[in-house]
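Next up: some structures, all given as structure tokens.
After this come two complexes, each holding subunit A, first together with subunit B and then together with subunit C.
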Partner chain A sequence: MIEAIIAGLTALLTPQAMLFMLIGVVYGLVIGILPGLGGVVAMALLLPFTYGFETAATLALLLGAHIATIWGDSVTSILFSVPGSAKGLALCFDGYPMTQKGQAKRALAASATGALLGGIIGAIFLALCIPLIRPVILALGPSEYLMMALWGLTVIATFSEGSLMKGLTASVLGVLVAFIGMDVVTATPRFTFGSEFLMEGISFPVAMIGLFAVSEMMKLAIKGTPIVDRSLVKEESTVWQGVCDGFSHWWLVVRSSLLGLWIGVLPGVGASVAGLAAYAQAVQTSKTPERFGKGAVEGVIAPDATMGANEGGGLMPTLAFGIPGGESMAILLVAFIGLGVVPGPDMLTKNLDLVFSMVWIIVIANIAVTLIGLGITPWLARLPSLQANLMVPIVLAVCFVGAYATRGHIEDVVVAAVFGIVGYLMDKYRYSRANFVIGMVLAVMIERNLHISLTLYGKDFLLQRPIALAMLLFVLFTAALPFVRNWRRQRKQAAAAGVSAP
Partner chain B sequence: MKNKIEQTRRKLVIAGAMAPLVLSLPGRVMAQSQAQAGGGYYKDKVIIINVAGGASGGHARFARLLQPYLQKHSGAREVRIVNMPGGGGLKAANHIWRVKPGSPEIFFGNVSTLILAPLAGSAGAQSFDPVKFHYLGRVTSEPRVLSVGGKSAIKSIQDVQKLKRPFVFPSQGTDEDFYTMAVLGDALGFKVKAVTGYEGNADTSLAVIKGDGDGHITGWSESLGPIRSGDKNPILMVTSQPSPDYPNIPIATNIVPAAKRATVQSMATILETHRSYIGPPNMEPQAIAAFRAAVSAALSDPELLAESKKTERLVSPMDGVTQQKRVTELAKTSASLAPILIAAVKDIQ
Partner chain C sequence: MSRHAQENLASVLLLAFFAGVIVLCQDFGPRARMIPLPLAVFGIVLTLIQLVWHNFGSPAALQMEMISVRAPDIPVADAPSAPVKKPSWQREATAYGMVGVLLALTFATGVMPAAFLFTAGYFMLTRYCSWQYSLLYAAVLTGSLYLLFVVALQMQPYHGLLAPLFP
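Our next item is the complex of A and B:
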């Protein structure tokens, strides 16, 4: 194994491989920052240019680009509340409030550090878990995916401060929107009203662009002030502070990374769910959950660490079975075939050095992204202080181009605009936009996996799937944890008041 | 010395400026001659290929393989690939059915979906008539294979017939594999329990390897890896030609009772229409002729054939005229499939 680890690294240390990785990383950062475009698009556009080069160089280009999109996505979520793609959504919840509080540098640096540490932990665990990959994947199924989605749902309570009814209403609206299009079980059109466009459903990234970015720009245009008015809020945070945050919350990073690895192993669960689950986990295990949604740095670190580690996990089904865990991995599979490499069980024995090359690519690309990211953070952090009359047209133009680029439909531009108005009204009347998107992301996943579990195993499917049952108990435990803590705190306060009263 | 450096610099600048022009000349001459081979209809125009499925799907892989060669042989300024996922190709089919006359849009996807979905009474296929589309050329046709898990107790199609319970079939929905399984179950006399809702072939493949499902149907190339590694075991092929690599895998039409042979043969012929270019019903005759010529020329280009072999995206062309006749015949002869397909859809609703 040691030989394979060294051979994997040596294959990468060629000028071509290193150059390709650098190109991939810079290109991935740019693609990630553009709204509506993410890792899948980055890899799909690069694929035609990969034939005829060294195997390690090709993989460095593709994986480097994919990894760089993670932080690229986070940048716009943190600075403008514009998620670069579905997986950047969780960064809007606390990253944007940090920017509004004058802590953009800290948020960006914490996000980059979280992604770096998550990526490295994910890569290490990928290397350690190689002998366990196949049994682990074989042990998980639709019932376990269902539990993962249910865990994501528990975060709804976090964003329902003030009125649980309003929080639930927003989630139900999200669920209804997610059901527009072809039903995943019977392929029957739902809520399409005979429209060909609606048969494809409402694109999640487009809805997010509208709900978060367009509505924020509407608010700015109405107020006429920048996101951060430097005469009122000074940028007092530093890049170093953010880096330290990443390391000082090491236990949160480890937990989030293992979660990302776990979600990566579940094919089809997806990075958007990973971000939400990471956020839920951060809230539920925090001693001060009330700080979340208002600019808690943990809310930035956890999703990035999870998504960084998710890459390592996502590689597992692709390498172990030759079965892609998601769209980006399917593209990687096409590249493998072009390179004459056949993924599958032999990959973990006969091509182990190539597997370790990929582990090294994840590590080195993450370091490159973080170094570049930390280097440009001071300049990026100035952007939110641009005047509204300059910022609004630029961001809106990028948003609408991004909405169009997502699927190439002009109708999506209209959808983004409509969701912008919906988002503005929801924010004005205190209906959580975050709950809306959580409902939207998880609805189809829950429907799909509940249906499959019931059809395969019957009504008592939980009794037949012990791992799913254990996961359900864990979900219930973590969901109850904040309430238990709250109850204890109130009891302590009451006891203290009782002592001081006489 | 300074003058020399200046002269060298000038020469380099001139050479640099001329290089793209000189290098592009042979290509331009070739492109012009080849555009004439395609009738010149598409010369300097943009062609939009609406591909059924996502960017990483099987159709997209083939559409992108053909893209540069189609541009070369049609003389088009650009061949643009647009992914149109949804409804297993029905979304793209409905779109192309409704485009305005003179539109540069072409559909690339599975012809069998266009024939089977209306027969099954699928809600997404009520608006179009498969015979009225213009078929512009098949790129590839892979045999469909029914595989079971490598560790499954089921080792042959006879084991499936002897099962005392329904055969559990994980499926992504009402696609051609779902319909094929329904026809096989009817012809070979075993019950099928379709579990729909899976995300794609990768998902159903894992379900079969894990043992969550008994078996599933895919294109041959999609199952080749797991078959080679022993994760899956092929037990039946739906095709008219046996595989040279696996001659022992039985072919459906050879083992079904005589009374059911015509139905299964009809299904196998429909499946062989596979990944093709399809034009809208109002497509101009010159455009049809030019596109068919460009597809034929692209599919016989030695560079494409070499690339297709290297990347394991093997092509098996059928010209558009033959395909048009084939679809017209199939639409007439496949009516016997309708009750089986409708019953299968009803079962999952």
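Our next item is the complex of A and C:
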């Protein structure tokens, strides 16, 4: 194994591989910052340029670009509450309030450090877990995936803002919107009204552009002042503070990274779920959960560490079984075919040096992204103080072009505009947009796995799958936890009021 | 319209939406409606509870002291409060109109010309800068978008409904 580790690193230490990785990282950062475009687009566009080069260099280009998009996504979430893609959503919850408090530099640096540490921890654990992960993956089936998706939905309780009913209604709306289009299980067109465009369903990145970016620009146009008015709120934080935050919350980073690695290993779950799950576990395990949503640095570190580690985890099923852990890993599989590499159990025995090359790429690319990120943070942190009249038209124009570019359908621009207005109204009347998005993300996963479970095991599938049953109990426990906490807090307050009363 | 009435109107619209989903679900097979139908019924129940409580109950009864993720316009505790103008219905209508204009421009002229016209027009109308600079900034933005999306990312641009008029 040691030989494979060294051989993996040696293959990368060529000028071509290093140059390709640098190109990939810079390109990935630019793509990540653009709304609607994420790691999948970045890798897909690079694919035609990868044939005929060294294997390690090609992988460095593709994986380097993909890893850089993670932090690129985080940047716009933190600075403008505009997630570049679904992955960056969790960063809006605390990253944006930090920007509003004049701590943009700290938030960006903490995000970059969290992603770096998450990437490294994920890569190390990936290397250690390679022999162990195979039986674990094979033990899980659709019933267990269903329970994991349901666990994701219980996260909604954590994100309630004010009225619980409104929070739940928003999530129901999100799930229903995700059902627009052709039902993959029964091949039934649902809520399409005969439209060919709607058959493909609502594009998730386009909905995100509308719900967050367009609606935020509408709010900014109404407000008429910059996101951060420097005459009122000075930028008092430093990049170094953010770096220290990443290291001082080392236990949170380790927990989040392992969660990200685990979610990455599971085929089809995806990094968007990983970010939200990481945020939820950060809130649920915090001694001061009331700080979250108001600019807690832990709310930035946890999702980034998870997403950093997620990439390493995603490699596992892709390499070991040829089952892509997500869309980006599917593109990597295509690249493997072009390079003549056959994924499968042999990858973990005969081609172990190639596997370790990828582990090294994750580590080195993460270091490069963090160094570049920390270098440009002071300039990026100035963006939220730009005047509203400059920001609004530029961001809106980029969003509309981005919405169109996602699938090349002009109707997607209408979807972005409609979701923008819906997002604005939801925000105005306090129907959580986050809950809506979580509902959208998990809807298809829940429906597909429920149908498969029913077909395979019948109506009593839970009794036949003890792991799924145990997971259901865990889901019920985590769902009840916020309510119990709330009840305890109210009881404490009542007791305190009783003591202080004469 | 008062905020109370607006909230009620929002609830009524949601009820209509969920009722519409239930009606549409009747056309689907049992497996295709297995999740959307009960979910729409659940949505109606939630909205009715919200509506009843909003009008007849204590507003605090449905509040949960959990995590607020509505960061954008909540004044943060440590920050000094800014004297922000209260958004009037005119400002809100302008924001809707702004999105509508950009959408109309996109359909009429195509994605890239719309970006140019919208940004230049916005800068001029808000008097952010002189008309010469407005055109310059808009041209720089559109050029960058063109290079990124059309040249680098190989996006096929949409040319708009007016394109046949300019052969």
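Some points to look at:
Criterion: the second predicted complex is superposed on the first by the 479 of 502 C-alpha atoms of A that agree within 3 Å, B and C clash if a C-alpha of one lies under 4 Å from a C-alpha of the other, contacts with A are read in each partner's own complex, and residues count from 1 in each chain.
Rule of thumb we're sticking to: a residue touches a chain if its C-beta (ideal position, glycine included) is under 8 Å from a C-beta of that chain, and two chains touch if they have at least 3 such contacts.
Given the structure is predicted, the values throughout are model-derived calculations rather than measurements.
Of the two partner chains placed around the shared chain by superposition, subunit B is the only one that A:Pro317 touches, whereas subunit C remains out of contact. In the superposition on chain A, contact of A:Pro135 is made with neither subunit B nor subunit C. Comparing subunit C and subunit B on the residues of subunit A they touch gives the larger count to C. Of the two partner chains placed by the overlay, subunit B and subunit C both lie in contact with A:Thr186. In the superposition on chain A, no contact is made by A:Pro15 with either subunit B or subunit C. Touch criterion met: A:Arg489 reaches subunit C, while subunit B stays clear of it. In the superposed model, A:Ile222 makes contact with subunit C only, not with subunit B.
Contact with subunit C, but none with subunit B, is seen for A:Leu396 once the two complexes are overlaid on the shared chain.
When the two complexes are overlaid on their common chain A, residue A:Gln100 makes contact with subunit C while staying clear of subunit B. When the two structures are aligned on the shared chain, A:Gly498 is found in touch with neither subunit B nor subunit C.
Shared interface residues of subunit A (contacting subunit B in one complex, subunit C in the other): 41, 185-186, 188, 408, 447, 451. Across the interface of their complex, subunit C is touched by residues 30, 34, 37, 41, 45, 81, 92-94, 96-97, 100-102, 157-169, 172-173, 175-176, 179, 183, 185-186, 188, 190-191, 214, 216, 218-219, 221-225, 229, 232-233, 283, 289-290, 292-295, 387, 389-390, 392-394, 396-398, 400-401, 404-405, 408, 410, 413-414, 417, 420-421, 424-425, 427, 429-432, 434, 443, 446-447, 450-451, 482-483, 486, 489-490 of subunit A. Every residue of subunit B that touches subunit A in the complex is listed here, in rising order: 54-57, 61, 64, 82-88, 90-91, 94-95, 98, 122-124, 168, 170, 173-174, 193, 195-199, 202-203, 205-207, 209-210, 212-213, 225-226, 228-231, 307, 310-312, 345, 348-349. Of all the residues in subunit C, the ones that touch subunit A in their complex are 6-7, 10, 14, 17-18, 21, 24, 28-29, 31-32, 34-36, 39-40, 42-43, 46-47, 49-50, 53, 62-74, 76-80, 82, 84-85, 87, 91-92, 94-96, 98-100, 102-103, 106-107, 111-112, 114-115, 118-119, 122-123, 126, 128, 141-142, 145, 148-149, 152-156, 158.
By the touch criterion given at the top, residues 40-41, 44, 47-48, 51, 137-138, 141-142, 181-182, 184-189, 196, 199-201, 267-268, 317, 321-325, 327-328, 330-331, 334, 337-338, 342-346, 407-408, 447-449, 451-452, 455-456 of subunit A touch subunit B in their complex.
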